[in-house]
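A single structure is presented below for examination.
As written, the chains take the letters A, B, C, D and E, and residue 1 is the first residue of each chain.
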């Protein structure tokens, strides 16, 4: 079953076509990734899906219902949550309080929401920083916070926008199981990522966006050998590196 | 001989804030009165007790004024002279009433100050009901004397209590003397530009222009009337106009010439009044009505204390209520208090003539002949 | 500080304040306590919207004046008892809050734009109240003197004390609850980052509407109190800028977005004003100069508001916050 | 060229840098590695004057710069491209670049803008767009370009590859190499261990506020400790 | 209903008054619109400028327009010193502190003036005080026409400064991105003080052009501050063209509001227009999208 269905979505800023009739689907239960060069329109697409921008044309269907043009909070209430590429913590509030805002989407009571926040923080590895001011987290810490807040809402679909950026390879290795665990709880994930190591090992299916349009789709290992994708996005060096690694692990 | 315990009189005025000018004028006048009384031997019936001023700044706010009253009554004040603005006077008199402390309002023109039935509250000067009434009847006389040339008038007034109240009374009464009010223009404080008003005056061409506003606006209005080359038979202002403000007359002699005003003014034939003006000017003060009204408010209270021979509130209040005091140098006659208001108090008409402020009406106080209509 | 400790402290503090009329015999001192509580109420009302909601308003006089005029007009024009007017005043002010909220939040006004629009609304109300008859226009409204508790005109200051004490306590309890509820969490999230909050399903519009109405309600109560305490209103007193400034000054000095900030701020400002007057006496304006100087000095040394200072002293940390990066020049 | 010894700094009462010793020679690319939150950005901030050191010394081209203001340090030719980009969102790309030469290299401003545009053709296309609306990657290019405008002697790049597509990361690393070959000394703070090790002359690894390992990349890459905690191997 | 013959003179007059408002607002655009410093002392500083012009005239016989050579530079220096020495230092980078400090400063300045200059309202008498220029049957006071032109020139100069010079760029950069600005070597304290100084210098210009048709007393600033804030926001934060046009709009709205609704109620027009514009354009007339 498809959770998310995007049909012919268009958006332009002045003369720039940031999204040119994008059509894609996200199936239930898996991890789908969205890659593409810088400025391809990935973040813009997320903003269109989640109601932060209104599309010029096209439609977005979530869980079978048309949600095009709904405000962000209404979409979030239906269970689709995005994170921000430029992290947006509630500065001045503690990590626990930050996450509790997410938890409050479903939970009314304060104590329960705080308890839930604590649990989620542990899950994403922020358990030791619960009482820290969110503003004093490092960039990587803030990324985790973004994940935790989204997770605390008990979403059906999460859109991650580059949550792994800024982590070193070993840290990425540590976070991958966390994301798998989220999926295993039944949350569908759509992620934007430039870290190919993660895209390869996480996602079941990949969409490639370039200059506002989808140029390729398929299982990640097929996509990375697509010459268009290599030319526009991966570059020869990375393609070779991936090929080598794939070969090694095979 | 043992020095008698001093009599404490509280002076509460807005000496800072947006009406600081008037407030400090009031304070200066009140302090002069105290100095004069003390120099003349203090309160003689109490063994020459000196009057001691307790000063307070209301900052132009009723709540601060009231708080100062509370503080003063606790500090044993025997009487309070306060206000300047009606809003503050309402608050201070009401607070003083709780302890029955004698309270004299110096300037506040609102009639509700004395009609609330507060037994401690007195006003020596006229309220705006009286001023408006006199303004109308004096105008009638002036106009009739000149052969009734003025048939129409336009009122320009500021928007607060004094301007609005005055304008309301005037526009009701003017038709009764055969003067049609062609328009009433209410304006804000501050109004930064009077051209619009001048243009409206120009288009309606009233015979008389009647302003009732504060000094700043008056200056701009007078200036704009000249710039827009507006001619009328007369400018007849009510309460607070050029014709009773020496500063305006000095700074804009041409614009001020022949303007008439119905306002508080001293009796130009009274030596007492002239001497006080001289004393004030010797101190570098501009002799505005705030000074002599506050002076008299204090002197009126001191006279009551003198006659009461005690600082008992009831005694002082009773002495004020039955006062016939006449050492005020005002064109009033002996004091006659009814419900706290001095019924004999009245405004006079003044006119600027050759750079001086002359009293033109009522005749018994006049220092010059009326020039009306004015030729521009 | 845990929230239940805060509640406990709140009860203790208000309990201590309740001793005032029993211990203080001088009316003028009691008056200072009353006016301090009144300022704390005004400040706490502003704090709900400005401190917790991040919507800085320059026009809280709009609510204050509405509360004040409501009780006065009902009494003077319709002879309705001021105790009924009390409720009506609060509700009318909340309704004005709802209207201003609709006109601003609906259209996405934020920051400076919001601040100035609130001021414009207060000015509009001032000008209107100056022009229509039932408010007495420029002449103002004088509430007839009929001293009795049934008439909300107490014979002694102690009566007024209990009323303002109860109103202020209600405001503080409300804010305590805000700091400890979903509504409050969402409100603060909107303050800190509206986009992020909306992404998490917070209905920013609704949350801000709630805050502006609550804020308006308590400001309106302060207005009602003022009207009954001084019995006279005119458009400048009710809707003038002075009230708007006092409303924001108190919580900012005390500490925005903190429960006790408005109380500390009110006490500090009144103390400062009494002190400067006591020191200087009556040279016109000079006591205000001192007041201004002390204000600047206080900001210089206590940059995070009094509540910030208090919490630092308690935790024994240096006066610079971690979050702000200590000696970070940025 | 840069000589840091026993540098201590932190936030409030929390010490983050606990005695850092590090040196960079003219013409080198040096990379500074370390896991999240270890204090790399703090180190850059102290060196470029954004934060005051608590103690220790920083010498740049023979001159002590510890505790100087950021602008004095910019004057010396030490330029930082910050983590998180910090471009001027309300200004156009061109204006951002122009401000890069606010204190240094003003005379060659137009030539340098041309130069940056050649390196990042994408920026040229966006010259009159506000920087705030650029995509993440475009902003990163702009931040580097802005740093280049000051004709730096030493360029500190704090995680420049964050958020760039693999192709661009590749290009960026070769660009850094290129800049270095053209004579620029570079301190590269990175999480992308593999690629930064490929181009670096020397590497420092930070842990617990101290330099734990240092040496030439080839040797370090064999260090089991590094392999485990930074490369995610084994 | 007003006489239709006075509508045109009224509008023309509104435009010139609007020019005066724009002058006061231009300084605020820089301080509030660009740097977001809420300067509560704006009115008090305008008042100081007016006193400076007044005393130069009364004591030394210097014409207010000649004072343009003296007062704005002096005000610049004062503004620079205030920002660098007091406001910047005491604010610790927090907006709400700036608000408190400038409020404190305005209390200090106003009451010191009260003490030293006393509370009397004062005016200057210049040979051209009563001169008028006749256009389309309207008598426009000469000083107001000069002020109108002055507003145009000042707006143009500020616009050039902000868009064409490094100082202007630095000010804008600093307003939004402090860390980035420091990293390109912008001395934040200095540039903040420069822009504050420039904003206050604009007030100096306004003072020179205003006094011939106005008056000064310690409270005079209050009458302009609210209008100035309104104009800055109406025009769009930080836009000089916006401030100019906003000033003119407010001037005309005030004039027409006064004609049609009465001079007192007519003031409501200013605020209603302001509210309406912002509802439909939440970032003001010329403001950048948020």
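The criterion applied here is as follows: a residue touches a chain if its C-beta (ideal position, glycine included) is under 8 Å from a C-beta of that chain, and two chains touch if they have at least 3 such contacts.
Per UniProt, the chains are A, D = ATP-binding cassette domain-containing protein; C, E = Branched-chain amino acid ABC transporter permease.
None of these values were measured; they are calculated from a predicted model.
If you take chain B and chain C together, the chains in touch with both are E. Ranked by separation of Cα centres from chain D, the top chain is B. The greatest number of inter-chain C-beta pairs in contact is found between C-E.
Distance between chain centres (mean CA atoms), chain C to chain E: 30 Å.
We define each chain's centre as the mean of its Cα atoms; on that basis chain A and chain B are separated by 76 Å. Chain B and chain E have centres, each the mean of its CA atoms, that are 36 Å apart. With centres set at the average Cα position, the gap from chain C to chain D is 49 Å.
Residues of chain B in contact with two or more other chains: 16, 20, 23-24, 159, 186, 188.
Each of the following residues of chain A touches two or more other chains: 136.
Shared interface positions of chain D, defined as residues touching 2 or more other chains, are 11, 49-50, 69-70. Contact residues of chain B toward chain E in the complex are 16-18, 20-21, 23-24, 159, 185-188, 190-193, 195-197, 199-200, 202-204, 215-216, 219-220, 223-224, 226-229, 247, 251-252, 286. By the touch criterion stated above, chain C contacts chain B in their complex at residues 26-28, 31-32, 35, 127, 130, 137-140, 142, 144-145, 226, 229-232, 234, 236-237, 242, 277, 281-282, 284-285, 287-288. Those residues of chain C lying in contact with chain E across their complex are 103-104, 107-110, 112-113, 116-117, 119-121, 123-124, 127-128, 130-131, 138, 241, 245, 248-249, 252-253, 256, 283-286, 288-289, 291-293, 295-296, 299-300, 303-305, 329-330. On the chain B side of its complex with chain C, the touching residues are 15-16, 20, 23-24, 27, 55-57, 59, 61-63, 66-67, 70-71, 73-74, 87, 90-91, 94, 110, 112, 116-118, 159-161, 163-165, 186, 188. Residues of chain E that touch chain C in their complex: 32, 36, 38, 86, 89-92, 94, 96-97, 99-101, 103-108, 110-112, 114-115, 119, 178-179, 182, 226, 229-230, 233, 237, 262, 264-265, 267-268, 270-272, 274-275, 278-280, 282-284, 290.
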